[in-house]
């Protein structure tokens, strides 16, 4: 019954609709990978050209914030999967609990990131005339640091808003979460945001410290 | 300049080669175009609706064989052209060692050129005929491009790196010089003249110019003024490489690889000294990025090059 | 098929038509019907085509004299930048996919709509948002970087509204990604029963390949523009040579998108030409499978040739050779397509309707444009001609001679399906012929002056090039007339045009099996497919007559009663 409510034009069957949603999200994720790929490529090339300056700059990032945030995002991916599994089984309260946990973990990440940004600004790690390090190429690293973490934070914000929206819709009732492709698709996006961070973490926080 | 408005004769050895390739490709293109047009027109007329031309069962040949045939033919034709033009390109890649070295500094919106004798010009360049010319170019601001259509020569001039190119003018005359890469407001006024003279005229012209210091001598002064000599002079107590005889040699690096000490290497070593460290020396040299201007770099390069020649 | 009484009114369509599903402005602005979204897009890209075209007219006017009488240096720089940005991102890239693709893709695969109808509508709004940004940029004073936005000029030296223009392109990029995702999923999931991959019309295949290129290339443009904006807005040194950054990195990222973008613009045109040539020669497409592999080959190899835009920008000779080689390789499938279209005419029954004239013109212009690509793929020649009018002529032959001709061909071919009316025949054929000659007149001289040394983006030029510029500008006036004429007579046809019937050209393809214009749901009952595409005649036999037992006959120039039209099956 709830399955019929989930079926929308132009589909004739729910299976096809779920397949489409997942396929569409996978294709979008491919697009996202190339989006971030451009930044990873630039960073890799500059590391090749200026190894010392980049390493020197990379030691200035705060590894404690970075590590805690990595842990938060990894856990949030687990809760996201659990929310999806609970939805398959039709356990409404479990779905709500896990979605709330996911959004909360994401929010914690953003708050911590905000504190980290404040410290970075305080330490003159924003590229410009009074930048902390004197090697010019060190500023390149922080150019990428700010834009990569910034773009990641924007993605995470979108993901948190999406999770919260579905939380509210399911909580109010009437949203056919069992048959809908919404949660698996949302999960795919959440995991992408997570995986990008898994690549950012060693690049920005660990690279200079080996 | 430009007696005819219908053709611009090539005025360099390389340009004549480019023209040969161009006409070869033009011939190939003309044949292909004519074949396609003849087929299109013939078919369109012959098989217009209601015509009496033969139709009915199609010949068997008209299927796979034809498709495979023209795919293979096109592929071979294109590969042949690729091989032909690329081999011509590779033969002429490296300049001869005795080429006349001209330094070009581009900025919004002019070309500044400097002869080995130290003579400087703006938006003009005098060259002797039948002499290979090597350009060593850098930009002070945005990307420019040095284009002499009559030489069929073009090379971008980038900020933050040296680009090189070479050609051998083989006709005397005055030729256009254009900036080919869009560089801002007065891009279309960033033009100049290349004046190619007979060898005798060139010698006379050079002699008649007010003698600037030559580049190497200016570089020698800078070498002291910027403090380079504090470490790199033979008498220095600091363990830094002696630069005499360095230019053009193959030197081993700390990471085990070997590079040729050319303009690119020396320039990078001044601006990013820790990138390619010569084996056996501690990485103590500071970066001169932002401390020396492009023009000063050119002079320092010329100096280091000149002391490279003295001690072979 | 009903009344002929109320033809007077523009609104008088067949009752079930999608055009009558709602008449309020809101019903259009909130529609999720792919056909209506196609018309929304049609409005926006026509608008931008005429803005970009106006800029082109001013450029040609300015170039009549070597001193450049009308514009300041900055004014001219803004003008050609505006022309490039608008024509590339607000006309050419979205042109065929978002209009004909949107309208026809679901019809051709036998679906009710695209897979994500609301995403489709969002894509139009994103396109509009991008369009408003670009208009804001234009009104505030424009941007002077050229459409290529090369750093460090764009990031540190330009005094135009670079961020606004880059943001406009960035937003419009998301709109095309949304369309791309939609098309890929639609083709995978929503094909009608029996519509196997190798029964798909080539138009669908080209849309599919285009969508794949859009999805994989556009994000790289987005990130390069984002990095550029960050550098300009916040002073983050990304490409700044003073900090050891590399301006050529921007060029690599930019061309990694912008070369595949050429295929985004021209692949859909290949699809259109395949549909038109088969229909008006009453023949199966020659080498259907080869055509598909050629489309896919172009889409894949097209990703690996970007470096040929940077042969003079300081590239290692080895890298240059590889890019040169791949550029020759990518030309092979394009050549195959030209031969296949030509041999589709062989033993056909050829009608010279307006769409067919556009298609034949396309083949001629595309052949010239493609062959000039061999010159630019050859290293030594490219060193000379890059950044000259030779290159300008080369890409206009592909983009304007190719894609825009195909766009107008498609417009005339599917006009009866979209509006239910036929365009006036003589006018249509006249403007098709006019476009072909006007185009060659405009752009062929540019090949010559480019090789002789006429620089791109110069409005002060050496006097010996004036004769070529004057010829080119004269041709441009003819070309402009050829673009304006259809505006007039197509609008006229909306009110007074002859009613089309379901299948006025007697074409195959599912879109012709429904009414013109189609109903909201596209088909009254779910179509089933049990045969391959382009079955104009039995396998291996080119008929002496059309085969009326299987297909409705072509109705040449309305000699018979149009209302009689209908499928005979």
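Chains here go by letter, A, B and C, matching the order in which they are written, and residues are numbered from 1 within each.
Rule of thumb we're sticking to: contacts are C-beta pairs under 8 Å (C-beta built on N, C-alpha and C of every residue); 3 or more make two chains touch, one makes a residue touch a chain.
The UniProt protein names, listed by chain, are A = Cytochrome c oxidase subunit 3; B = Cytochrome c oxidase subunit 2; C = Cytochrome c oxidase subunit 1.
No experiment lies behind these values; they were computed from the predicted model shown.
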Most centrally placed chain - per-chain CA mean versus overall CA mean: C
Chain pair with more C-beta contacts, A-B versus B-C: B-C
Separation of subunit B from subunit C, taking each centre as the mean of its C-alpha atoms, in whole Å: 36
Rounded Å distance, subunit A centre to subunit B centre (Cα mean): 45
Where subunit C touches two or more other chains, by residue: 242-246
Of all residues in subunit B, the ones touching two or more other chains: 272, 289-290
Interface hub residues of subunit A, defined as touching at least two other chains: 49-50, 53, 136-137
Residue ranges of subunit C touching subunit A (in the complex, touch as defined): 32, 106, 111-117, 119, 177, 180-182, 184-185, 188-190, 215-220, 222-224, 226-227, 230-231, 234-238, 242-246, 249, 253
Subunit C - residues contacting subunit B, complex: 68, 73-74, 76-77, 144-146, 148, 150, 152-153, 156-158, 241-248, 281-282, 286-287, 290, 312-314, 317, 321, 324-325, 328-329, 331-332, 335-336, 338-340, 342-343, 345-352, 360, 363-364, 367-368, 371-372, 374-375, 377-381, 383-384, 386-388, 448, 451-453, 455-462, 464-465, 467, 540-544, 554, 556
Of subunit B, residues touching subunit C in the complex: 1-2, 5-8, 14-15, 17-18, 21-22, 25, 28-29, 32-33, 36-37, 39-40, 43-44, 47-50, 53-58, 62, 66-67, 70-71, 74-75, 78-79, 81-82, 85-86, 88-90, 93, 108, 141-143, 145, 147, 149-150, 152-156, 158-161, 163, 176, 178-189, 271-272, 289-290
Interfacial residue positions of subunit B with respect to subunit A in the complex: 272, 274-275, 283, 287, 289-290
Residues on subunit A engaged by subunit B in the complex (per definition of touch): 49-53, 135-137
